[in-house]
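Structures given as C-alpha cells follow.
Two complexes come next, and they have one chain in common, chain A, joined by chain B in the first and chain C in the second.
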Partner chain A sequence: MKIKLNIWKQANAKAKGKFEKYELDDVDAEMSFLEMLDSLNEKLIKEGKEPVAFEHDCHEAICGCCSLYINGHPHGPGKETATCQVHMRSFKDGDTITVEPWRAKSFPVLKDLMVDRNAFDKLMAAGGFISIDAGQAPDANANLVGKIDADKAFDAAACIGCGACVAACKNSSATLFVAAKVSQLALLPQGKVEAKRRALNMVAKMDELGFGSCTNTGACEVECPKGIGIDFIAKLNREYLCASFSEAE
Partner chain B sequence: MSKFFTSSIGQKFFMSITGLFLMLFLVVHLTINSLLLFGDGELFNRAANFMSSNPVMKIIEPILGIGFIVHILYAAFITLKNQMARPQGYKVANKSKASWASKNMFILGGLVLVFLVIHLANFFWKVKFGTVAAITIDGRELHDVYGLVAGLFKGWWWYNVIYIVGATFLFLHLTHSFWSAFQTIGWDNNKWIGRLKVIAYIYATIVAGGFAFIPLYFLIKYVV
Partner chain C sequence: MSKLDAKIPKGPLAEKWSKYKATQKLVSPNNRKKLDIIVVGTGIAGAPAAASLAEMGYNVKVFCFQDSARRAHSVAAQGGINAARNNKNDGDSVYRLFYDMIKGGDYRAREANVYRAAEVSSDIIDQLTAQGVPFAREYGGTLANRTFGGVQVSRTNYAQGQTGQQVLLGGYSALKRQVALGKAKMFSRQQMLDVVVIDGKARGIITRNLVTGEIERHAAHAVVLATGGYGTIYYLSTLAVQSNGSAAMQAFRKGAFFGNPSFIQIHPTCIPVLNEYQSKLTLMSESLRNDGRIWVPKAEGDKRKAKEIPDEERDYFLERRYPAFGNLVPRDVASRAAKERCDNGFGVGKTGLAVFLDFRDAVAKQGKKVIKNKYGNLFAMYEKITGDSPYETPMMIYPAGHYTMGGLWVDYNLMTTIPGLFAIGEANFSEHGANRLGASALMQGAGDGYFIAPYTVSNYLADEISNKVPSTDSPEFVEAEKNVKAVLDKFLSINGTKTASSFHKRLGHIMWTYAGMQRNAEGLKKASEMIAELKKEFWNDLKIPGKTDEINQELEKASRVADFIDLAELIVTDALNRKESCGAHFREESRTEGGEAMRIDDKYSFVAAWEYQGEDKEPKLHKEDLKFENIEVKVRSYK
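And then the complex of A and B:
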C-alpha cells in the first residue's frame, strides 16, 4: 500500500521544527507502525538523508517508550493500544498520516518525535514509592490484601507511564498518571502508611512541573493504552482532600 | 493545608463547591419562577417579595454573589494556567472522544455570564435600585415583579429568544458541571460515574428546560 507521511522534524530541543512530507510506496499492511517508520528510515539513510528520530523499546506495550501522536490520537487508532501495537492494516491505501510528538510544556521535544518525559520520573521520585527495608522476601500471607483491593490496585498498576494521558488532555494534565500511582499504593497495606504524604507531594510536584489541572473531559482514559479509568482521579481527589484536611504528618 | 488554596486540586475543589452551591440556587430560583406560570401573577409577586424581604435571604444574597465571583475568577485563573501547559499545539486537533461541553466549559461559562449580565440588568437591578411599580395585595404594598417580568416578555419577543438561548448555554454547561463537581470532590467511583452523568442530564434538562419554558410560554401565549 502507498502511504503519505507528514512528520514533525526538529533538529534539537532548541531548534524550530517543521513538518516534512515523505512517501512510501511498498508498505505491507501487516507491518507494525514502528516497522513502517523503520522502513522509512532505511530509505532515508540510503538516500543520504537524516532519519526520523522516534522512541521505542519493548514492542509489547509494557515499557511506555513509544509515544507518537498519530492523526489526532495519542498512540494512533485503536482502543487500549500503544503505538507499538498499531499495524498498517488500520490505515487505507493512499492515506496521509500525520505524526507528531507529545505536546506539553512539561514534555519538551528533544529531537523529531522524541520528547523528554523526565517529568514523570520526578513525579515518581516525589512519592511514587514505598519506604520499606528491603530484606528477605516476606511470607506470602504476611500482608493480607482483599481480592477487591488487590484487583483495583492491579488495574492502577497497569499504568506504563507513557504519557498518553498528558498528550490527550487539553490541559496537558498528568492527573491520570498521578491518580494511578497514588491509588495503586493507597489500596495496598504497604503503601497506606505513606498515603497522605504521597498524595500531597505528588500533586505539589505535578503543579510545580507545569502540568495543567484536570477538568474531567475524560480524554485521558479514552486514549490510555492500559485502560486506566478516571474513577482513579476521583480516588486521587479523595486522597488529596483527606490528606489536606487532616493533621500534618 | 496552606498549599491547598494554590494547588490544582484545591482550586478545583473551590470550583466544585461554589458550582454545587450555584446549582442549588438554580433549583430555588426555578421553583420561584415556575409560579409565573400560575394565575394572574399574585402568587409570583408574593413569592418574589418574600424572597427580597426575607432576612435569611439578606444573608444568602451576598454569599451567592461571592459564590459567583469565586467560581468565575477561579475558572479564569485555572483556564489561563491550563492553556500555558501546552505552548505549542497539535497540527491535527485532538480527536479523543470527550463531550463537547466538557472541552468548552470556559466558553460556555462566559456565554452564561453574558446572559447573566443581561438578566441582572433586566430584573435584579430594577428591583434593587430602580423603580418598580407598586401593587397592593392584602393591604400591603409590594413590588409588582410579575408586571416587570411579564412586561419584558410580552413587549419584546427577542428578549424571550435571548432567555431561551441563555438557558441552552446553561444546559450545556450543567451537563458537564453536575457530575464533574462530584468527581472533583472525590464523591465518585466506577459505578457512580455513569449514574452521575445520567443524573447530570436529568438535572440540566429540568433546570435549563424549566428556565427556557417560561419565556417560551409568554412568547406563545401573548406574542405569537
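And then the complex of A and C:
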C-alpha cells in the first residue's frame, strides 16, 4: 500500500525543527511500524539523503526505548501497545501518518524523533529503590507477602519507563511514573521502611526537574502501553499526604 | 605450553568457593576509595556488579549504549530465574542444580564454576526480594515456583512473564542508589570502542559519546565487561536489535582469549519470519511447551488449515521421537527436530518454515480461563504480531538464534587472559557448556554481578592499591583513540552504495544457513569464503550518511557490523575445529544412527579458547581440558 509520512526532523537539540514529508509506495501490511521506518531510511540513504533518527531496541514492548508520537497518540493506535507492536495493518492505503517525538519540557529533543529521558533516571535516583547492600538481605520467605499485594506491586512494577505518560499529559507530568514506583515499593513489606522519604523525595525531584502537576485528566492511563492505572496516583497522593504530616525532614 | 590456567581452587568441589573467600586477598575499606573500576553494560550482570562494587566503597564508572541503564536486554527475559532453595520439598539441592546444568550443557562446562553458580543461586533471590522485586507468591505469602525444561524439580522463581524486567529493575534501582550517593557515575549513550592495555593490564576504555560523537578516554584500575551475547550475528534473532559482540571482539583483538565462540543456542519457539523486511524475531516462552503440543501434518506439503487436519493425520513429532520428555525436551533437541521436519517438506505456513504449537487440547481440558491466566500476555503478544488468536488457531513457530554460551574465556576469578579485564554474565564463555537450560541465564548473570565479581575483583585490586590510575594522556590511550578514530573516518570515507543493515542481513543469512542449527565441514568452509567476500565488499561498498561528530545511528550500526563480520569468521573457525556434536553445536558428521547428537569425549572434552593472531590471520587454539570428578559423564538422552 501507499503511505504518506509527515515526520518531525530536527538536526540537534539546539536546531529548529520542522515537519518533512515522505512517501512510500510499497508498504506491506504485515510490516511493523518500525520496519516501515527502516525501509524509509534504507531508501533515503540510497538516495543520498539524511535518514530519520528514532529509537527502538527490543521490539517486544519491554525495554521502553521506542517513543513515537503517531497521529496524535503516544505509541500510536491500539490499546496497551508500544510503538514496536504497531503494525501497518492498522493503517489504510493512502493514509497520511504524522510522526513526532515525545513533547515535554523535561524530555528535550536530541535529534528528529529521539528525546532525552534522563530525567526519569534522576527521578529513580531520588528514591526509587530500597536501601539494601548486597549481602544484607534476609531470607526471601522471612517477610511473607500476600499474593494480592504481590500481584498489585507487580502491576505497578510493570512500568517500562518509556515516558508515554508524560507525553500524553497536557501538563507533561510524570506523576504516573512516580506513582507506579512509589506504590510498588510501598505495597511490599521490605519497601515500607523508607516509604515516606521515598514519596516526598521523588515528588520534590519531579517538581525540580520541570515536570508539570497532575490534574487528574487520566490521559496517562489511556496511553500507557502497560495499562498502569491512575489508582496508583491515588495511592501516591495518600502516601505523600501521610508523609508530609509525619516526616519531618 | 598453553597459557591457560583456570586457577580453580584446590579441595573438594563443595568447599572450593568457601575456601576461596576465606583465603582471598582483601582491600580494606579505607583503600577502596582510592581504586577505580569501569563496568561496561548494565544488564543483569553489569548493574548488580556496579552497584555491589560501589556499595563496598570502590569508585565505579558505569557505561551503557542505551539512554538508560534500565533498557539493557536482560529486560526481555521472560520465564524465570532458578534457585536451589528446595522450596517445594521436592529433592532440590545445590548438587542437583549443578548436575542439571552440567548435563544440560552436554558436559562441556567447568565443574567448579557451575557448582559455584548453583551455590550462590539462593542468595540472589533473597537479595532481589529485599530490593523490591515482586516475585510471584502463594496465597500464604511464600515464594511461588514453577518448572522448566530438562529438570525434574520446581526451582524457578518468576514474576509473571516478565521476570527479566523485574530482576533487572532490582539491579538498576540498586545502581541508581549508588549514583545518588556519588559512588557510581553513570555514562549512558556511550559506545565502547576499545580496551586500553598498559604494561599487560587492562587500564581503561575508549568510548564514543553517541550524542556528541566525541571520542572519550576513561581510565581505571580494572575493567569489567558485562556486555551480553552476540546472537544478533544471525541478524534475525530474539535479541534486541542493538545487542552486539563488539566489546568482546575489542577485548579479543587486545589479547583476551575467546571461549567456544560457536556455541550458540537456537531457541525452538519463536514467531517465524513473516516477511523480507523483518528486523527481529520474537520469542515465545519455553513455558508454553508445558501445555502446547508441537506438530506438523503427516502428509508432505499439506496446506490445509490446522483445524481441518484430523488427529490421525497429525505428526506430534516430539512426542513420537522423545516419549519420555515429549514436548519438554531441551531447546537444542526441540529446535533440530522442528528443522528436520521442515527441511523434509512437512513445514507449515506460507514459507513452509514453521511448525504448529497447538493449545486446542489444553483449552478443551482446562478451559480458556485457566490457559489465559497462565499465558495471557504471551498469547496477546502473539496476536499483536501475527493477527491470529492462539485460543482459536495454533501458533506457528520456528527456531531462532537466542543465547550465546560462548564468550570471552575467563578463569575462576571471571578474569580474561588480560589481567584486570573481567567478563561476567553472558559476555563470558559461561557455565552453560554447549547448551543452556531455561531460567539459568538470569541466575548466572546476577550471581556473577552480586556475589562473585565483588570478591574476585577485590582479590585482583588488592595488588593495585599503590598504583595510581594511569593518565589518559599516556601513549596507549593516545594510540587507541587514534586507531578508533581512523576506523570511524574510514566508514564514512568509503561512500559506496550499500547500507550497514544490508550487510548485516547478508551476514546473518550466511551464518544461519551454514553455522546455525546444523553444521558440516563443507558448509562451514563455504561460509568462510562467503564471509571473506562479504568483508571485502563491506570495506569497499559501504555507505554511511552524515558525520562522526553528531548522532549517527548508521555509523553505530556500521561499527557493530564490522565486528560481527570478524566474529563470524571466528565462529566458523571454531565450528570447523570441533568435529563432534555437543549441545547446540550439531555437526552432521557426528550423529547417532537415530540422528541424535554424538559427542566425542576422548577428543573434544575441552574448552576451545582462541587467541587473536592479527588481522585476517587464523587465530591460535588453546585447549582447557575439562575434568569431571564429581559427575559421571553419560550420553545425554531424552528418549
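In this text, the second predicted complex is superposed on the first by the 242 of 249 C-alpha atoms of A that agree within 3 Å, B and C clash if a C-alpha of one lies under 4 Å from a C-alpha of the other, contacts with A are read in each partner's own complex, and residues count from 1 in each chain.
In this text, a residue touches a chain if its C-beta (ideal position, glycine included) is under 8 Å from a C-beta of that chain, and two chains touch if they have at least 3 such contacts.
Remember, predicted model here, so these are calculated numbers, not experimental data.
In the overlay built on the shared chain, the residue A:195 is in contact with neither chain B nor chain C.
In the superposed three-chain model, the partner touching more residues of chain A is C, compared with the other of chain B and chain C. When the two complexes are overlaid on their common chain A, residue A:176 makes contact with neither chain B nor chain C. By the touch criterion defined above, A:5 reaches neither chain B nor chain C.
After overlaying the two complexes on the shared chain, residue contacts for A:30 are found with chain C alone; chain B is out of touch. When the two complexes are overlaid on their common chain A, residue A:119 makes contact with neither chain B nor chain C. In the superposition on chain A, no residue of chain A contacts both chain B and chain C. Across the interface of their complex, chain A is touched by residues 1, 3-4, 6-13, 78, 81-99, 102-103, 105, 176, 179-180, 183-190, 193 of chain B. Those residues of chain C lying in contact with chain A across their complex are 48, 51-52, 55, 66-71, 73, 75-76, 87, 123, 125-143, 159-160, 162, 164-166, 169, 172-174, 176-177, 179-180, 186, 188, 211, 240-242, 274-275, 277-280, 282-283, 381, 384-385, 387, 450-451, 454, 497, 499, 501-502, 543, 545-546, 550-551, 553-554.
Against chain C, the residues of chain A that register as touching in their complex are 11-12, 28, 30-32, 34-36, 38-39, 42, 44-46, 48-51, 53, 55-65, 78, 81, 85, 87, 89, 110-111, 114, 116-118, 120-121, 124-126, 128-141, 143-147, 150-151, 153-154, 157-158, 160-161, 184-185, 188, 190-191. Those residues of chain A that touch chain B in the complex are listed here as 6, 8, 19, 69, 71-74, 98, 100, 103-106, 168, 170-173, 175, 200, 203-204, 206-207, 210-219, 222-223, 229-231, 233-241, 244-245, 248.
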